[in-house]
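Letters A, B, C, D, E, F, G and H mark the chains as written, and numbering starts fresh at 1 in each.
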Amino acid sequence: MAKKLMKGCEAIGEAAIQAGCRLFFGYPITPQNEIPEYMSHRLPQVGGTFVQAESEVAASNMLYGAGGSGERVFTSSSSPGISLMMEAVSYMAGSELPVVIVNIMRAGPGLGGILPSQADYFQATKGGGHGDYRCLVLAPWSVQEAADLVQDAFDLADYYRNPVLVLGDGLIGQMMEPVEFKSGRTPCKPLAPKSWAATGCDGSRPTNIVNSLFLDPEKLEQHNVKLKAKYDAMVRDEVRVASYFDDADYDMLVVAYGTVARVCSTAIEDLREQGLRVALIRPITLFPFPYAQVRAAAERARSVLVVELSCGQMIEDVQLALEGTRPIHFYGRQGGMLASPDEVAEKLRSLVATREVRHA
Amino acid sequence: MSQIVIDRDLCKGCELCVHACPQGILAMGREINAKGYFFARVAEQKRCIGCRLCCITCPDVAIQMRVSGTMYHYFSY
Amino acid sequence: MQNDVIIAGFGGQGVLLIGKMLAYAGMRDGREVSWLPSYGPEMRGGTCNCTVVIADRPVGSPVVQHPRAVLAMNLPSLDKFEPLLRAGGVLLINSSLIHRDAQRGDVTVIKVPATEVANQLGNPRGANMVALGAYIGATSAVSVEAVEALVGETFAAKPKLVEANLTALRRGIAIGQELPRKGAA
Amino acid sequence: MPETVVFSRPQALAAVHTHYCPGCTHGVIHRMVAEVIDELGVRERTVGIAPVGCSVLAYNYFNTDFHEASHGRAPAVATGIKRARPDLIVFSYQGDGDLASIGMAEIIHCANRGEKVTVVFVNNAIYGMTGGQMAPTTMPGQVATTCPLGRDVSQAGHPVRVAELVSTLRTPAFVARASVHTPLHAVNAKEMLRRAFRHQKEGACFSLVEILSTCPTNWGMPPAEATQWLEKTMLPYYPLGVFKTPGGADRAPAPLSAQEAACRTT
Amino acid sequence: MPETVVFSRPQALAAVHTHYCPGCTHGVIHRMVAEVIDELGVRERTVGIAPVGCSVLAYNYFNTDFHEASHGRAPAVATGIKRARPDLIVFSYQGDGDLASIGMAEIIHCANRGEKVTVVFVNNAIYGMTGGQMAPTTMPGQVATTCPLGRDVSQAGHPVRVAELVSTLRTPAFVARASVHTPLHAVNAKEMLRRAFRHQKEGACFSLVEILSTCPTNWGMPPAEATQWLEKTMLPYYPLGVFKTPGGADRAPAPLSAQEAACRTT
Amino acid sequence: MAKKLMKGCEAIGEAAIQAGCRLFFGYPITPQNEIPEYMSHRLPQVGGTFVQAESEVAASNMLYGAGGSGERVFTSSSSPGISLMMEAVSYMAGSELPVVIVNIMRAGPGLGGILPSQADYFQATKGGGHGDYRCLVLAPWSVQEAADLVQDAFDLADYYRNPVLVLGDGLIGQMMEPVEFKSGRTPCKPLAPKSWAATGCDGSRPTNIVNSLFLDPEKLEQHNVKLKAKYDAMVRDEVRVASYFDDADYDMLVVAYGTVARVCSTAIEDLREQGLRVALIRPITLFPFPYAQVRAAAERARSVLVVELSCGQMIEDVQLALEGTRPIHFYGRQGGMLASPDEVAEKLRSLVATREVRHA
Amino acid sequence: MSQIVIDRDLCKGCELCVHACPQGILAMGREINAKGYFFARVAEQKRCIGCRLCCITCPDVAIQMRVSGTMYHYFSY
Amino acid sequence: MQNDVIIAGFGGQGVLLIGKMLAYAGMRDGREVSWLPSYGPEMRGGTCNCTVVIADRPVGSPVVQHPRAVLAMNLPSLDKFEPLLRAGGVLLINSSLIHRDAQRGDVTVIKVPATEVANQLGNPRGANMVALGAYIGATSAVSVEAVEALVGETFAAKPKLVEANLTALRRGIAIGQELPRKGAA
């Protein structure tokens, strides 16, 4: 298909349809209303089904039912709505259901505000629900990447039989950029038939049961160990990360994800014109987090700046990656305030004073 | 004798009062207020029967009613 | 090379639309673009704006704190964005609604009597097209061909509108070009 | 001659401009609730609960202490307040998405426990704040951003009638439906609010008043037209009146007669 | 003479021992659901949904594919399954805590959307699995571990009557209440289940059968006594019968007459 | 009062009453049913109110209303129920409400099982809800300590105007131990009158509004910064940690919390009799986590063993504390399986082989 | 002629069938089964009228009914 | 010094009760105690057990994998816990219900015909008291005074029961003491 100028939310919806998803269950919330709205008019056109759920709790449990039936399905919401899905997400992870959930993050806590934020990082990556489980978390920084990652999300969900979370912020959802959907795209993972799905049993196999209950603790522990092995496999095989401005040597490394990383890249471009030597590394998968890559990139620098639209959440993963080998600085904005390139540049410049960054 | 007082800046120009007035003595003005709305005005104060329907209708409490002397209420509110 | 502009005005003035048209035109010219609307509290009325970036390389920050151009369709927008304009940038003022002068001395100021012009052309709803033209005329952020073709598409449904808006657009472009091109972005 | 003000802003209503759209009847309902609070002389011990919805900022519009509840949970918040401080007059103000969609369990159980609180339920048949999505109360065929071809009852079912639903619970309560699309309807609506708050003041029972309201912006029509649309479209489906009084008879339907029950029409 | 088996375990019921307490009528209801599935010949395309409650292990007791839903959300899970695979016969099996307490919003909206699924609602007036806490359906004065002095309707309200509540929704549905405390009641209960599943098979409508059931363990009485307690205590409050048929009339209560409405008894 | 043999759940309920709490809103779930059951018979005796909520979502929002009215209030649940409270917890943190929440953790994810677990550590400490917020988290290891910490929890909640989470496992809830409630106990924090509570306004002050919505992003950012400052104050002033067997030198340090720490202490006693030199450090506050104390204690050892009833969650905080200065080993059981003293001792002995632990 | 067959190990000894039988021909035994329950037994097979009430009553499907030849059903089930 | 025991049997045998009484008695003796029940899946019937620890220092792990004593009131319990008993520990077997011998040779085995004894005493429900007594007699985990006083309190409501249970308890203690005290825990 030709390039089209699309809102992030619409591109996400279209990407799901391109990925063969024909089911959407969701509940309105700003700043992602354009996703359910888009699905409500597009799905019927392609023989799909759109259901406006009575709540996010219901939507996430409809996801459970549809996912357990072996169909591709997704839902989207924003921060408070995602919090209401935590029990169901834990159930879906425990029952190993392949579903896709999009969180267009807004500022919190509580009702907070509707402007962009990245303050749901912990919830997404460490598991906001109960029990030992992990969601694979993808964080796009452009509308095109959002469209691409959403399609991959369905393949990854099917491959691992695990919920995949696409973590965007209000900017991604609301901005328009050119998007291209390649026709005849091949899945990013080999896909097996869903013989485990509960779709009726003619007796030729034992009944399929979608379930996370194990009354026998030994069985449940085996199940936990099995899940852990799956998460370890993700850590081994699914890390995605992008590096910028790292061709030449650099003194300082910026770590950022999502649209904020674009703000940082612009800031760095300006600084480099002024002779400052700064590079950027952008985690694309937040779980699994690119610990090794960030460590390696950081060791080429004298110090590291983490930029987030939060009080500092991803920075803990950066600390885990660096183990104190480099000083880590932080620049964050909250409440829906956006970090501008100038602010980030200013922060980086101020660190020059700390002598950690040298002029070329 | 009843008198209608419309607060021009509270008015959002919704015109509901104009429709509510049984005497048709309210009208929209041609000026715009601070909020950028054409606001309502009383065209013929004298014909007001003091029914308070415009006051009750106004979603923005932009209409006050004052009466000099006592006056008969068509309905309790 | 990068062009970026903040277009701002009342809800009803169609500023989001001309922003999108600008982005589309940029695409036609084969450049990278981004369009970012202000999405405020879910509340009615008030002003709105959008930021359009047109660049040769992939767009970095879609958020532009100090834009190379500002197109102010009403007074609140001028008050808010004039101070943010880059030195040497272009400031377009809808002089039909804004009756104060620019305060910045370090930018190119272009007064666009968008509403009058549109009315003269008997196309009162075309004020935003005049303004869009003026911006393009002053900055050549996008090619005239691209934007004209786009107007054709946008109003394809109503051929009469196509003509009317093209005229408005061209008048705007002329207005934009008339002026000293010093320091245009 | 001495001049007396016979109509002006009630004390319980803050002297501020609201963010509501021109002609939105949320404003009328706010004012009448405030008037009733004044009339009953309970302003100083009244605590309100704002929903998530266009009336989320109600906490700025009333001269009383307020809670801002999470979406749909106002009845649970009201329960927490009233159980903590039975001496307070507690009311929640909720839209139809808030109360009838996400908050359905909370309103049913708050009513069923017979919490001595008052619920002002504003039914405008749409999600206003988020920009016009379908509500559980959206009328058949009515267009909304999540039912662009109009509500299809075969997919989304029929509109939920809250007053009817709540009135069938066995626990004593006062339940009524009113409208504010014309001033005379508003006069009646205020009487319903008066009775609801009086029941609470007397510690009698739970009370809920469903009030039909307009959303000119998301219905996509001028305010005056919106009042006519309400009259024409909503009134026939949402009958006005009192559905339940604390002393009144059980409103739950009885089982069908044998031959009604037998009929297998599908 | 040839011997024929006229009563034995249905095919849809797994040949396993259940964990249910002696005399718990969950077992009777399981068997009858399975018998109906066999009779309609839909076992191979039936998917059940187990609740969180004593029947959580239902997924081991039926010879059909199953989902184990989170507490109260079975109707949402059923919606997800049926919308994904309209060709399947989908039923949820839920207790009163699961359906009438935490799951109230989900059941109301599933019914209101008219999802073509069947809900088997087992009302035993208590929380069985967690050890006998008060349920929304617990009878006035009935002792439970969270109402040690018996349910106080002035604090906890009156028992929720689900069949009545759901039948007042406008969307067409089949809604009935039955009981299994005696074999003849069970025969009628099975007929209700038969009608419910047939409506689904014909794609007609949402169907819900509320079935009164015993919990000897948490009621603290022998099974036979429990059936009598049900007859004596529950039947009068939970009338049996069909409450709504898809073709039948609207069951919602109308506004009260002027003078009923006026009565201010509190 | 004299010592009484009490179940942990009952002691927790009684402690709340001793702390002046007269309101409980909750929903049954194993293994903590004895808490609501205890409150349902005790509260009426002391003029309090017990309400069985229709769900955990409702219970947590009742907590919001009661907390916002300035009254001491608490709820309790277990893992899946706590997940359903995440939106409300974020609201209560955002609205700065003093409430106490008890989580008697069971095994997950999903419905999981009802036996003891510690797999909700991330949810409790990093925030399972959306937005930047923190709950103060207390983890008792005995019934007596549970009783003491619950009483402190109310004081801490009031002092910081923040939700306080008491994190116990099934063992704490179900076991019986002697408990003593000291009469005339003094609050662990100075308590100010709750002038902010929404309890009716006579016009002598502006109306009090319990709220977490800030439409203006600048205001919301200020609010976020204010909250962050509060959390920093907790980090500065509220860290609680206990050390054992650290009188003499030791080669290995065990880090564990809750009842598992007791299992470890028994294991260590046995090992010490056999001449192995092992010490134990037990975080009592999980947020704030005792980073400095764990670091200091670890630096006296050659390596560290973290023991949890999970796949490894607290271990991340230990890694953050140690910054790679000591090797960190892990022993975990899941699914409701309990670590026994012998297993832990065995694990420690096996590490002797690694030469990190030396015989005396 | 109908015959009742009770599976001793499925029986949980709830006694519901004993109460259900209109002929009173079922009784609880004195032995306990694998599950530790005293299980039900048929005391007077000959007097069985084949009503199936015990079968319908049994929560554990422990009761089977066999008939030799055709037989009249008192009610459809 | 620490005593610990796992007491196990059918739900109805009152094993949790005697476990609690043991813990209470330990408290009376001024020692540290913990009582930990098995809480299985929310399911009916089956066996249950509790672990009681009585120690001079604060109780470490309330979970005891290899207890110093096991009191098995039914066969499944014996099968499950005999292998876990510490070498040199005490194994008490309710010989009224359990008709097999112990398999361990490295522990002190005490057969307690609890039910018979109770029946002889005309107190059939007192079997658990006999068993409790036997454990105390064999291990003196708690003082006889403490436990006797406790029986008094526990059944204070019904004086007749006090006497009956004291007799059962004392008969149990006697049975427990009768035996060679080798390796008792």
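Methods note: a residue touches a chain if its C-beta (ideal position, glycine included) is under 8 Å from a C-beta of that chain, and two chains touch if they have at least 3 such contacts.
The shown structure was predicted, so the numbers you read here are calculated from the model rather than taken from an experiment.
Note on connectivity: the fewest steps through touching chains from chain B to chain H is 3. Comparing the chain pairs A-D and A-C, the larger number of C-beta pairs in contact belongs to A-C. Mean C-alpha position of chain A lies 29 Å from that of chain F.
Chain G has its Cα centroid 57 Å from the Cα centroid of chain D.
Between the Cα centres of chain F and chain H there is a gap of 35 Å.
Touching of two or more other chains is recorded for residues 41-43, 45 of chain C.
Residue numbers of chain F whose C-beta contacts span two or more other chains: 30, 51, 54-55, 57, 80, 87, 91, 95, 110-111, 113, 115, 211-213, 215.
Among all residues of chain E, those that touch two or more other chains are 20-21, 56, 68, 70, 101-102, 104-105, 109, 113, 130-131, 136, 155-156. Touching chain F in their complex are the following residues of chain H: 20, 23-24, 27, 32-37, 39, 41-42, 58-63, 65-66. Interface residues of chain E facing chain A in the complex, by the touch rule stated above, are 44-47, 49, 56, 59-60, 62-70, 73, 76-85, 88, 105-106, 109, 113. Interface of chain A with chain E (complex): residues 23, 25, 49, 51, 53-55, 57-59, 61-71, 73, 87-88, 91, 95, 198-203, 207-213. Within the complex, the chain F residues that touch chain E are 27-30, 33, 36-37, 40-41, 44, 50-52, 54-57, 80, 110-111. Here chain A touches chain C in the complex through residues 3, 5, 30-31, 113-115, 142, 170-171, 174-178, 259, 262-263, 265-267, 269, 338, 340-343, going by the rule given at the top.
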